[in-house]
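Encoded as structure tokens, here's the structure I'll be asking about.
Chains: A, B and C, in written order; residue numbering restarts at 1 for each.
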Amino acid sequence: MVSSVILVPALLNGLMTGAVYALVALGLTLIYGVLHIINFAHGALLTAALFAAFFANKLLGIDPYVAALFLAPLFFGIGYALQRFVIGPAAHGEDRNILLVTLGLAVMIENALLYAFRADTRTINLSYAFDVVEIGNSFLAVPRVVAFGVVVAIAALLWFAMRWTDTGKAIRAVAKEKLGAELSGINVAHIYAVTFGLGTACLAVTACLLIPTYYVNPHAGNAFVLIAFTIVVLGGMGSVAGAMLGGLFVGVVESFSGLYLGESLGQIGIFVMFILVLLFRPSGLFGERA
Amino acid sequence: MKGLAPIATVAVLLALVPFITASNAVLNFLVMAFLIALAGQGWNILGGYGGQYSFGHAAFFGTGTYVTAVLQVRYGMNAWLCFALGIAGGALVGAVIGGLSFRSGLRGSYFALVTLAFAEVLRIVASVAPITGAGVGTLIKLDLRPEAFQFQSRAPFYWVLLALLVVSLILTRIIEDSRFGAYLVALRENEDAAKALGVDTTLVKLGAMTISAAITAAAGGFYAQYFLFVDAGIAYGPWISVEALLAPIIGGVGTVFGPLLGALVIRTLGELTKIVAGDAPGLDLVIYGSVLVAVVAFAPRGIAGLIERVRGRLTPPAAPSLERSHG
Amino acid sequence: MSRDNLNRRRFLQSTAAAALSAPSIARAQGSAVKVGVLHPVSGALSYSGQQGRIGAQLAIEDINAAGGIKALGGAKIEAVLGDAQSTPDGGNAEVEKMNSAGVAAIVGGYASSICLAASQTAARYNLPYIVDVGVVDSIVTRGLKNTFRFGPGFGVIAKTALDNLVAINDAAGKPAKTVMIVHEDSAFGSGLSKLLNTQLPERGFQVLEVISHPTPTRDFNNVALKVRAQNPDIVIPANYYNEYVLFARTMQQQRVRPKGIYSVLGGAASSYKFVKEFPEAAQYIMDCNHWFDPKNQKALELKKRIDARNEFYTYEVYMNYSCILLLADAIERAGSADRARIIGALENSTFGGHLMPYGPTKFVNGQNQGAAPVNTQVIGNDIQVILPASFASAKAVFPMPRA
């Protein structure tokens, strides 16, 4: 059956995969926690970020880790603009409409990429992509270890920003009590846009972390969305710590259920856990009581 | 819109279509539109009238499809019987998911996400379980006889589906006018207030979910008979969850004709964008997506809402009337 | 005729009151013969669909450039392109439109589920349907007179793959005894894996484990772990391009080196793209897959043209190219664009002018009897055919040399 020799490597794998999921979920949880919208466009935006990272490397020869430094602000701007000038106004403040708008955006972005760049799967070949760090029995790919470190760092950064910066406090205020925040003089539309921008920036960094070992095509981002939603719910909507720890947890669960149930059926582990959390503790591990 | 007259009118007009055109392309287009409309009618009961947005109606559609297909193929049962059992199966799944979710007090996005998760679980199980044929799927044998719920020409399929759709329209109308419907709308507007007034909201929601699931399952069963092939992605995939909610939202949630209008608009839009965009892959969908966004921006209450607004502008204001289609 | 006009005409024709349901009218001398070209060019299968479309379009261009259908006075072939949108209902809708547009036949589909639905709808109008790739056996076992499959189905593929595996293993002194199968969990992966799993023990191999994974799969590290832990002699992957690439790269990263990687319908195993982009991970990988006849001049010329366009010469291209040539031949012999006559011509077709190593066509119940996959191996920077010997351009390297 499953020998103990692979349990530790499987655990480490789960943690590293989980870290990447966590970064996607971080963006989503911020957007969800503050704007209370289920962002259907999250996957498509990740795909767009992957293409950006790809072209930065292919056309400009920039290493993805370096590219993250300017792609993050760029995508922050894109996210800000999307929320401020498209989603916000189009939605007229109705939840249902936001759903439709983000859905429409998702279709537009994904197919614009398909139209512009065709359906080919693209990859980049970096010299260090196959380097490994050996820990006991496990061969850990260097890009994945780096990704783990970067995600933890970003999560910590965001957590501090939420706690100690004015914008962070404003974001938390709007998330908790929008009317009150507005009355205290906070520009809610701006905060919404900043939050969306932060979420999109997270995706840009995720893309740069993924691209050494993953691939790019117009549908690539979609594979991460459902699992990100699971983590958002598990960790508690709007909680940075929740997204980080939830991501790691989900990564490990996925790894072990894949090991014991097979990769296909194993995917069920995540969703069953998702359902159980929703039924018994919907506020998640770190969220506010629903 | 009071009474069954509008439904009867629409039913008769639509029934005449196969006599006006012999084009199977048109009939096929309408069949697909009605299929989505039917699935959307189901969604609308729970989401439009009840305000509980489900992102996982594929769970019911897929159950209808698989029960209809598998019972025929593996146990040789009569196709119509299998279809009926498919509807029952869908209703059962709806009751279970609803029971679990509503008893835990899930509302709003939490409810939406849990339905999504259930649909995914079913999809994954269906993709590995031997009884569904796992990855290979289930193929219904070609047997073009009415007894086997298959027909030589497209028109009988069209009429059967139209009949199902009309039944769902009438059902929606009945619910709208009933006390159950009043409770449903009340809990949509303010669940806590409704509870305080003595409405057993959990039971009402459960009832709505069961009916909703049954209707969508009917659409699924029909799909199986029309295409004769089912696999996990077709049955339980996100595509149908999205279409089932898109149609009512575009057409107007909480209205009798919303899903039908929405489905026709969406499908027609799909065809038009293909024509405008030509053969370039993806371009038609880019246009489709932008029209979607534009529709929301300029017609936030859906088509039905648009109609009400126009009607409101054309008729002089009489006594203040309660707005029927809610935001 | 411009694309816009074509589309408008299609739409108008399909909504006009006087619709054409089953035109059996022989075309007037010289007027174009319409052929439906159906592929999933958008959605999840878009890459394969686009490649298939390219192959079909090039074939039509070439036939027209060479004088069109001579039996019809040099009538040109006119492509009626359809996007199946990677779903069976998408394919179905396109078939209806193509029928209304008066096509003489339809080629394509690519995915098994699309082919099943599309060919069935085409059968209503007695519209000839030539399947380009779709491998599930049920495509040709439904008793549909209009459906013809030019390429091989599962049964033949699995048998050929096993025959060749045994041959390669025997030739190397039987170093391999244990096997692990890694397959994707939809129609083609599951179906193939089932057949292999049953037949491998009969041929003297022990199947250690069968691992199924979804499409898409984000990460193969655990799969690679299991492979490394059980250390099979041979790993048999059966999946689509993206997953194959991820799997191969992960195995390289995890230092998993079995005696042989022997894929059956491997998504990237016989892909020039894969070899070009990951030469190290691709080395010595064997595949039993659709492949062109390496000794066929026309096939090699087409490869040059595709390479010149900076595209990859994938099996969708040359299979669709061949299917169009097959159809054109049938129309020539039928001497008309009448659907029933074309079906008749296909039924007794003995066409050898295609690009595949199948020999002349012979259809029994719609299946081309000579169709079979071929074994390839990545040696150096190129993909060589290693079996059957009559088409081989190199000898198999097995077991894989230790790095």
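Operating definition for what follows: contacts are C-beta pairs under 8 Å (C-beta built on N, C-alpha and C of every residue); 3 or more make two chains touch, one makes a residue touch a chain.
Predicted, not measured: the structure shown is a model, and the values here were computed from it.
Distance from the centre of chain A peaks at C, each centre being the average of the chain's Cα atoms. A count of contacting C-beta pairs for A-C and for A-B identifies A-B as the more extensively joined pair.
Per-chain CA centroids place chain A at a distance of 36 Å from chain C.
Rounded to a whole number, the gap between the C-alpha centres of chain A and chain B is 31 angstrom. Counting only residues that touch two or more partner chains, chain C has 41-42, 46, 49-50, 185, 212, 214. Shared contact sites, meaning residues of chain A that touch two or more other chains, fall at 111, 114, 118-119, 218, 262, 264, 267.
Under the contact definition stated at the top, the residues of chain B that touch 2 or more other chains are 124, 127-128, 281-282, 284-285. On the chain B side of its complex with chain A, the touching residues are 53, 100-101, 104, 106, 109-110, 112-114, 116-118, 120-121, 124-125, 127-128, 242, 246, 249-250, 253, 280-286, 288-293, 295-297, 300, 327. Per the touch definition, chain C reaches chain B in the complex via residues 3-4, 7-8, 11, 14-19, 21, 41-42, 46, 49-50, 81, 83, 87-89, 92-93, 96-97, 99-100, 113, 116-117, 120, 124, 136, 138, 142-144, 184-187, 189-191, 194, 212, 214.
Considering their complex, residues 32, 36, 38, 86, 89-92, 94, 96-97, 99-101, 103-115, 118-119, 218, 226, 229-230, 233, 262, 264-265, 267-268, 271-272, 274-275, 278-280, 282, 290 of chain A touch chain B. Across the complex, chain B meets chain C through its residues 20-26, 28-29, 32, 124, 127-128, 134-137, 139, 141-142, 152-153, 227-229, 231-234, 239, 271, 274-275, 278-279, 281-282, 284-285.
Here chain C touches chain A in the complex through residues 41-42, 44, 46-47, 49-50, 185, 211-214, 216-219, 221-223, 225-226, 228-229, 241-242, 245-246, 249, 252-255, 273, 277-278, 280, going by the rule given at the top.
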